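The structures come next, written out as structure tokens.
Shared between the two complexes below is subunit A, which has subunit B as its partner in the first and subunit C in the second.
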Partner chain A sequence: MPFDSTLFLELLLSGLFQGAVYALIGTGLTLIWGTMQIVNFAHCTFMTFAAYVTFWLFTLFSFDPLVSLPVVFALFFLMGFLFEKFSIEPLIGKPREVTLLLTLGVSITIQNAILLVWKATPRLVNPVFSGFWRFYGLNINIPRFVGFITATLAALLLHIFLTRTIYGTAIRGTCQNRTAAYLMGINVKMVYALSFGLGMACAGLAGVLMCLFFPIDPFIGDPFIVMTFTVIVMGGLGNYMGAIFSGFILGIIEYFAAYWIGSLLRLTVPLLVFIVVLLLRPRGLFGD
Partner chain B sequence: MEKKINFLYVYIPFCLILLIASYFGPMIVCHIIFFSVIYAIASIGWAIGMFAGQLSFGHAAFFGVGAYVAAISYVRYHLTPWIAFIIAPLISTLLAVAITFPSARYGVKGPFYSLLTLALAEVMRTTFLAWDFTGKALGLWYPIVPDSLVDFQFHSTHAPYVGIALIILTVTLFLSTKLQQTRIGYGFIATRNDEDAAQAIGVNTLKFRVLSSVVSGVITSMSGILYAQFTLFISPENAIGTYVNVDILLPAVIGGVLSPYGPLLGSFIINPLMWLFRILFGAEVLHMIVRGILLVLIVYTSPRGVIGLLQKLQQKTRG
Partner chain C sequence: MSLLSRKAIAKIYIAIIIVVIVVAAVGVYAWLTFFPPRPKENEVRVGVLTPLTGAAAYFGEGQKAMALWMAERINNEGGIKSLGGAKIRVIIADTEGKPEVGKTQASRLITEEKVHVIIGALHSGVTLPAAQEAERYGIPFICETSSHPDLTKQGFKWFFRVWGTDAVFARNYFEFMKWLKETKGYEFKTIAIVAEESLFCVGVATEWEKLNLDSTLGGYQIVANIRHPVSPTDLTTEALTLKQANPDVVLLTVTPIPSAILWTQALKQVNFFPKALLTCGGFIFPEYLRNVGADGEYIIGREGWSTDLMEKKPIAKQIAEAFTKETGKDMTVYTTTMHAAFVVLRDALERAGSLEPEKIRQALTETNIPGDKIIPPWEGIKFDATGQNIYAMNFMVQAINGRWRIIWPKDVATVDVVFPAPSWDERAG
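Then we have the complex of A and B:
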């Protein structure tokens, strides 16, 4: 197939659609990092879990993935909130490595519990939206397009929540200076739980969207782990807009790399980008 | 001095028992001992990185270097696998310097360093999955030959593997204790506690970080060589996969990172337990769940590992 403008546009669109999911997960993770300064290793595992929740909602109650979006959002917000309250809060003030190891342990446990209970069989959800949409000679994958719109909307809504509401302001204040926020009367512990819940809810939404594109199995989260950290480091830690942009950029890089270098190496190139960015611009491309 | 002699009295019989058990005992006992020893080596290596405050999530990269160098030199070039003991440390050193020198230079530390090393391991894994030279996803299979020291294959009894692993373990333990007792050890502590403050009083933190990373990588690559020679099959999944990272760091975290004997203790707790689960329940999954739960538990009960727990108990009984 010759490389022409149609192919270029299709790659660009596929990259953007994939990037939307990265942006969504990245926003959640960067929110957690920004407020609590902890690396949540289990983020992508929660995404896998959300994908399974969506699958079961679809199979048992025939909820379309788009209908289960708010359900999963609420469920994962609650889960994140409680998880932070009961397991991470006692560890605040201890060295950062401790929470890193804790979330690693949680991630291993959940992933293998999923594998044990639901087996490794790939599961498929058939959403209402499926097939392709011909648009001026371009083939647009409708589920991916829907996913793109949803992810972008969710990321923007989160941004509005953070900048326009009192809770969002409290979260941003805690991001900037924990002690000062505490002295201003902000309930820092509540902010922690709130932002962890929100971050986890973002991962949950991403999990729902994964159901639209792929057959799901217990390992779908694995390639996302390093990718998500790439997104948040590139965007500048705690920088939501940066995370959204770098999510899109990485998605596009991934698809062009898959075309030019081969699909086996599609994940290597973004990883190399991560290493280079971390070493040369540790504060992120959009950092100060 | 007195403590050291005490330790030798425990360590030498311990090695002897392992050797005897692996020679006379059933095959499975030998397997368990061998894997406990090689993960103890890898984990001691990993813990040396921690001495300078560098939590690595990507030691599977070094493990993979060892395994792949051994396999490639035998399968592709028909050289004796022993040559890997020269080449793998060289490559590991290069890799460690390449990743740690820039990160120490540009202030990449803490969680970022962990992510960087994780990315390194993932780059290696995805590259090896796509590279013909490393056998792609199928990996490399050793041709099976009769027992010979030159070919580094022993089939009638696996005890020689345990013997070789124990020699390397002893050297590693010696190195690790010496590193902590000498001036370098203090450099590590200063770097670990506060890198900026250490720099301000004239400690060359860059040197200590690179040194700890190099020693750590070289030791871990040794256990990779042993792993490849024992299993006689390596693939990106079993030599560099995500769970290899966990296999390497778990013994040290469970046993206690800052004591050289912590990883050894941890490895001899974890690995027999894991094999027990494998034998009893068969499922590969269940022992991974146990692994995750143990990691969570140790974080809450005793961040300094079992050794830390024992020290606490000792202090309590004394006063």
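Then we have the complex of A and C:
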């Protein structure tokens, strides 16, 4: 079969666009793990919840998802901050299973509350940026492209925040050595709440982006769970740059595997790559 | 000074409270064990198995609404007259679309809720273990929608299926294609088969592959045969595969509506639409068309329900209008079959005149309901020795101007088929 450059480019772009979503969800989760060593099982459910908030803002106030972006970001940051303060903080120092069960319980509760309130009916938001760009035989899905740009921008802003601000430095410091951070006078409890808020805000952003190109229902988070955890472990637990990088890599691998090897193996091949990476670098690509 | 300190008195109080609680709990437990609450005998308990969570929850919600609505309707009309006006009590059990949950729920309905009949369970994969439980306990099982052919090949004695089998339905597609070729004079040669990896969809796709081997009916060249995971997050690659293969007709089966929406988006993205897109599953619902709008136009599906039926059959108009008005739910194929299951149930109970399982089963085997009592355009409902309704069949619908219109077979069709379907570019132009 001759090499089809248009097809190659189309697969590459689709993989990149999907990878951006994995990267964004993974970044939030890895941030929380990095600072607090907490596995937030409710992360993808919060993303689903954010998608519904976006849908409601669209239905009730005709807010385009891109307009909802800062609103949802702020709302989910606040929610995450308060959730950490009132639910996670009292459990710090307890065995890790306690927070694990807490987030799992919260996930189940939120998912069923969504089902109760919004029912299982699939909903689709029609954003301003819709349709396709077609040139030289290439078909670009505009909402997915917008999602990719937004996710990349968010990752960039997060990187600037974490490397150029005092709060970001405090978070990174706590990630590296919690005891040393205490000794340096960093308010570690505040760092925890801040990180959790930021992580949730990332899940919120991912939820908004899902609305751009995905029919939402109470279970949209489920297919992303496995890939999200793969992304953060492959990137190196707690390393947000690793999560971003492996999100993109796994997205691209998934799309090429789906086309050339078979749709049923679309997740198997990225997971095989993940296993190979762990065999070669047990702490992940960017792990210490 | 008191004889006992305050602390000691508090301890005694706590001990007394604990003793009282323990005695009360033991008492209640013993009472329930030796004198269990007897279920009311002037009611018919009907267990309804349907998915209320998971990817098919939307369908389950419709079925639940129809089951409760039908029970209320029958009860308001005086209940089951041969049982002295016994009322129907519906007990809904969520299967989550999972076989193991369906089995447990069926067992619970029979042993704890003491149901007289079970109706369910939408998914073929769930119906099989649930029906096995009903068979084990000797409880009649009325299957509303599950269409896997194997369900009526198990030698079940208590199993009755209102709806047809995939073997019959799959054949309908090839008969339709043959009719399309003959009436439209268009010689198409290549097809593609696409299915999500669920028991139902793989069953349908396998039947398609088998039927295509029959040169009198099929004999087309299969240029692409795609299986993809259930609940995909994107289908661009699968659509690209189809585009590269460029078949004349695509036979596509997926169950959840979100997957149907994703397929539509992906086909539009890669700018490919076959001459006929024949679908089975998640496409044929009002919710799908509401979401995709004009992009859903010209898609063809197999159906058991269409608003066109309201023009054809008075019962369809009467039930659909009242149901939607009173529950706010859409009529779908799943509510249509749930309605049919309750018609069968009521008829059997009236003739059985007893709540003994064997009498109900016997009445079910003698079912002979005329076509004017049910919504689908069938001759009626009558079960063969395997429990299969011999009259069940499908019709083909096409999305035209935002509505699913009946296009085949000719005697029930309301509009002419649009064939070949215009490409995306032609539609935009």
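Quick notes
To be clear about the criterion, the second predicted complex is superposed on the first by the 265 of 288 C-alpha atoms of A that agree within 3 Å, B and C clash if a C-alpha of one lies under 4 Å from a C-alpha of the other, contacts with A are read in each partner's own complex, and residues count from 1 in each chain.
Rule of thumb we're sticking to: contacts are C-beta pairs under 8 Å (C-beta built on N, C-alpha and C of every residue); 3 or more make two chains touch, one makes a residue touch a chain.
Please read these numbers as outputs of a predicted model, since none were measured by experiment.
After overlaying the two complexes on the shared chain, residue contacts for A:I166 are found with neither subunit B nor subunit C.
Contacts of A:D222 after superposition: both subunit B and subunit C are touched. In the superposition on chain A, contact of A:L60 is made with neither subunit B nor subunit C. When the two complexes are overlaid on their common chain A, residue A:L91 makes contact with subunit B while staying clear of subunit C.
Once the two complexes are laid over each other on the shared chain, residue contacts for A:T109 go to subunit B alone; subunit C is not touched.
In the superposition on chain A, A:R123 contacts subunit C only, with no contact to subunit B.
In the superposition on chain A, contact is made by A:Y255 with subunit C only, not with subunit B.
By the document's definition of touching, both partners, subunit B and subunit C, reach A:L264. Common to the subunit B-facing and subunit C-facing surfaces of subunit A are residues 112, 115, 222, 262, 264, 267.
Within the complex, the subunit B residues that touch subunit A are 55, 57, 102-103, 106-108, 110-112, 114-116, 118-120, 122-123, 126-127, 129-130, 242, 246, 253, 283, 285-286, 288-289, 291-296, 299-300, 303.
Note for the complex: subunit A touches subunit C at residues 7, 10-11, 14, 18, 112, 115, 119-124, 132, 134, 139, 141, 213-215, 217-220, 222-224, 255, 258-259, 262-264, 266-267. Interface residues of subunit A, counted against subunit B in their complex, comprise 39, 90-91, 94-98, 100-102, 104-113, 115-116, 222, 225-226, 229-230, 233, 262, 264-265, 267-268, 271-272, 274-275, 278-280, 282.
On subunit C, the positions that touch subunit A within their shared complex are 52-55, 57-58, 60-61, 197, 226-229, 231-234, 236-238, 240-241, 244, 256-258, 261-262, 265, 268-271, 287, 291-292.
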